[in-house]
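Data first, discussion second: the structure below is written as structure tokens.
All chains are identified by letter, namely A, B and C, in their written order; residue positions are counted from 1 within each chain.
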Amino acid sequence: MDSSTSGGATMLKGAGLLAVLAFPLLGFSDYVLHIAISILLWGFVYTSWSIMGRFGLVSLGHGAFLGVGAYGTAMLWNHFGLTPWVGIPISIAISALIGLLIGLPCFRFRITGHYFALVTLALTEVARLLIVALRDQTGGSLGVTPVGMVSPENPVSLYALQFASKTVWFYIIVAVWLGGLLIWRAVDRSMLRYAMEAISQEEDAAASLGVSVTRTKLTVTVISAAMTAFGGAVYGQYQQYINPETVSGIAISLQIVFAVIAGGMFVQLGPTVGAVITLLLGEGLRLGFGHQFHGLDVMVYGLMLVLFIIYMPRGVLGKAIEVVTARTTRPSVQPGE
Amino acid sequence: MLTLENVSAGYGTFQALFGVSLDVRAGEAVAVIGPNGAGKTSLLRVISKVIALNGGHIAMEGRSLDSVPAHKVIELGIAHVPEHRRLFPRLTVEENLRMGGFVNAARSQFQERLDFVYTLFPRMKERRHQLAGTMSGGEQQMCAIGRGLMSGPKLLLLDEPSAGLAPVIVQQVFDLVRRIREEGYTVLIVEQNIQQVLKVVDRAYLLEVGRIKMSGPARDLLENEDVRRAYIGL
Amino acid sequence: MDFITDPFLWETVIQGLLFGGVLALLSLGLNLIFGVIDVVWICYAELIMLGMYTIYFLFVDFGVPLPFAFVAGILLVALLGAILHQLVIRPILHTEPINQLLVTGGVLFFLQGLATMMFSVEFRNLGVSFGSVEAGEMFFPVSRIIAFTVSLVAVGALWLFLKKTYLGTAIRAISQDRDVMPLMGVSPRRIYLVTSALGGGLAGLGACLLVLLYDIHPAIGLTFGPITFMVCVLGGLGNMIGGFIAAFIFAEFIALGGFYAEVEWGYVLAFVFFIVMMFIRPQGILGSRS
């Protein structure tokens, strides 16, 4: 992008940001706020996944990190009264450690592609099964609610990190979401990005150029794992209810992948667009058809994913950007020169 | 038997052959010689329809190859032994030979042809249950040629059979080609090893940068001043 | 040490063996597709799920005799396999392999949603029982013994097919060198299609057995899907015998885990074992590819 368009882009981003920040003040119902919060929260989770996914490290196991974040925080609070201010960092650390423990052997032994995806799949299923198996502590498949500290009379508990007001949550989640975007951009502009791209193209060549393949992949993995765990923890705090199906296991892991593919894996706002698509699709179908056509939303997701991979592997946002930049840029060097 | 008229072919925007015409008569052995990148492999590939024709015609025994898809070419009696052997590494020698005889027409003759190939290459018989990928380069070449013979072809296309092999083995390979000729097979062989191949064939074409520069009886090309200077280094 | 004489333990071990047979059969079709021609169908279990529903409806709603329902189920899933390849895999076959995983992930959602819409989330059961066989103090359901036997036969038959027939050899060849196939008179397109149908048919066979043993539900694919993949990979992709061995190892972990603790622990152990084995021997127990 040359200097004449980047000014315009910044203005667009600024306007967008203002719109987002002003959103709760427009008098929408709690339901609408809830949808907006969900979009941004899942947008954050999807962005976390895409930090790995964009470099070809396709993980089918991010459910495990979500679960560790959510259940870790909830369990520490419910059983030990440990404030989420401490519980969340602990859960993030555990998640990062798991990322390291799984990543290190995988990358050292060059386990990539399908095999890597399968190992991560096994991981997320292990997480889900452990949560169910430890049912006395975790509540098993029925799920669990963090011990509540707020009520209409007492709407804020900083110690418990619980808030009754959706508006408060909205701003918290916006901050989280923006944080995710900033981390994405930081990775995008760092040497990490170039190293990872070199690795995903031709690993041996990259290694011979002095890139520490294992360490680079591990860094990306740990960042992604930590962020996802944070997302899981925040989800638990906001939703005030978690169960093993929604925060671990293969289903949620696949949903994350789908959303990022649909929105655009290689663009900063792509995963967020993916969240918009999946959430609005789900809600739209539910409102439009009620419970009559239960399963239709999943069917449409699936169909869209198939069509996206075949015709638009860069996702909606990616394709849009591709189309726009093709029309507005002219090559400065003609072929043949 | 095989005629190429004015054949042009290439890969995408890169053109490898420009108006090549040649023919191979029944019972002959013909060589196409030339340097690296001349288009020799492309020539054989266009005959097998693995790459598409941009112009010109190819006919086998009068039948045009224009609309014949790659996997039907073998049914016309053309067997292509590809460059670098291309055996199936995790199949045994015998399984590779079986794949050579995959075409329906060849199946009823499988046992006879197998026995024939084993008489031609006794070492293949010894190694019949060995994984093809574990054999030496020379043995793989024998196996690849054997695989080509399994379909009972009228015309055998050999793509650089001596490539990457030690001189002693190269000798064996060309002796083999002689023997195959004695059995009556028609052979079109593409080679970089000009000295050896010209001793084994009747006629030869010189291909340079996708065009036929010279053609004639093998002996003539072998004794030709320009050829000797450029390619044999004398 | 009276676990040696504990009949319940032995019953568990043998039940595990029988279950291993079922897992082995389930993994056969997948091993053919994933292991032999190197295509990923993450929705493989969902194909089986549809087969199960087909058999159920033919038998329960239309009164079709069970053997015919089975045949119909197998044929339908074979057809689904071929369609899956033609419509979904072929367009992306020459792109990055991860796309196969993603696109069939979409099919997974699609089929699950379709099943939910068409059949609702109630659990359904074929309602057929063959009784149990008694051996000492141990009881073994006949249906499981049938499943185990069919598995053995199927593995043997598939192995013979791949080893001894032209088509079987061609299927094994294509994953080793696709481009050279036309020179042998083999159309790669046809081989992929035929193998996809065959893989689908084997999945259909799996459905026939599962429908005797378990309830049907649109999401059951998620219960045995991951484990089927792991069985294939652990055994060594493309190696049917390896898959058999891996299936038994998984089954015993699950059975014994359920015996000593709760059933989830068995699965946890099995999956952790898988992860560890991937680090120690990524090509699988009998695998040869690196």
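Here, a contact is a pair of C-beta atoms (placed from the backbone, for glycine too) under 8 Å apart; a residue touches a chain by one contact, two chains touch by 3 or more.
All values derive from a computational prediction rather than experimental measurement.
Q: Taking every chain's C-alpha mean, which one sits closest to the mean of all protein C-alpha atoms?
A: Looking at where each chain's C-alpha mean falls, the closest to the middle is C.
Q: Just grab the chain with the largest centre-to-centre distance to chain B, centres being mean Cα coordinates.
A: Of all chains, A has its centre farthest from that of chain B.
Q: Report the inter-centroid distance (CA atoms only) between chain B and chain C in whole Å.
A: 44
Q: How many angstrom between the C-alpha centroids of chain C and chain A?
A: 32
Q: Cα centroid separation between chain A and chain B, in whole Å?
A: Measuring from centre to centre gives 56 Å for this pair.
Q: Hey, what residues on chain B touch two or more of the other chains?
A: None at all.
Q: Flag every residue of chain C that touches chain A in the complex, lowest number first.
A: It is residues 34, 40, 88, 91-92, 95-99, 101-103, 105-117, 120-121, 218-219, 222, 225-226, 229-230, 233, 261-262, 264-265, 267-268, 271-272, 274-275, 278-279, 282 of chain C that touch chain A.
Q: With touch defined as at the start, can you tell me which chain C residues reach chain B in the complex?
A: Touching chain B: residues 166, 169-170, 172-173, 176-177, 179-187, 288 of chain C.
Q: Taking the complex as given, what residues does chain B use to touch chain C?
A: Touch list, chain B to chain C: 48-50, 69-75, 79-80, 82, 86, 88-91, 95, 98-100, 102-103, 107, 147, 151.
Q: Which residues of chain A touch chain C once you look at their complex with the stated criterion?
A: 56, 58, 102, 105-106, 109, 111, 113-115, 117-119, 121-123, 125-126, 129-130, 132-133, 249-251, 254, 257-258, 261, 293-310, 313
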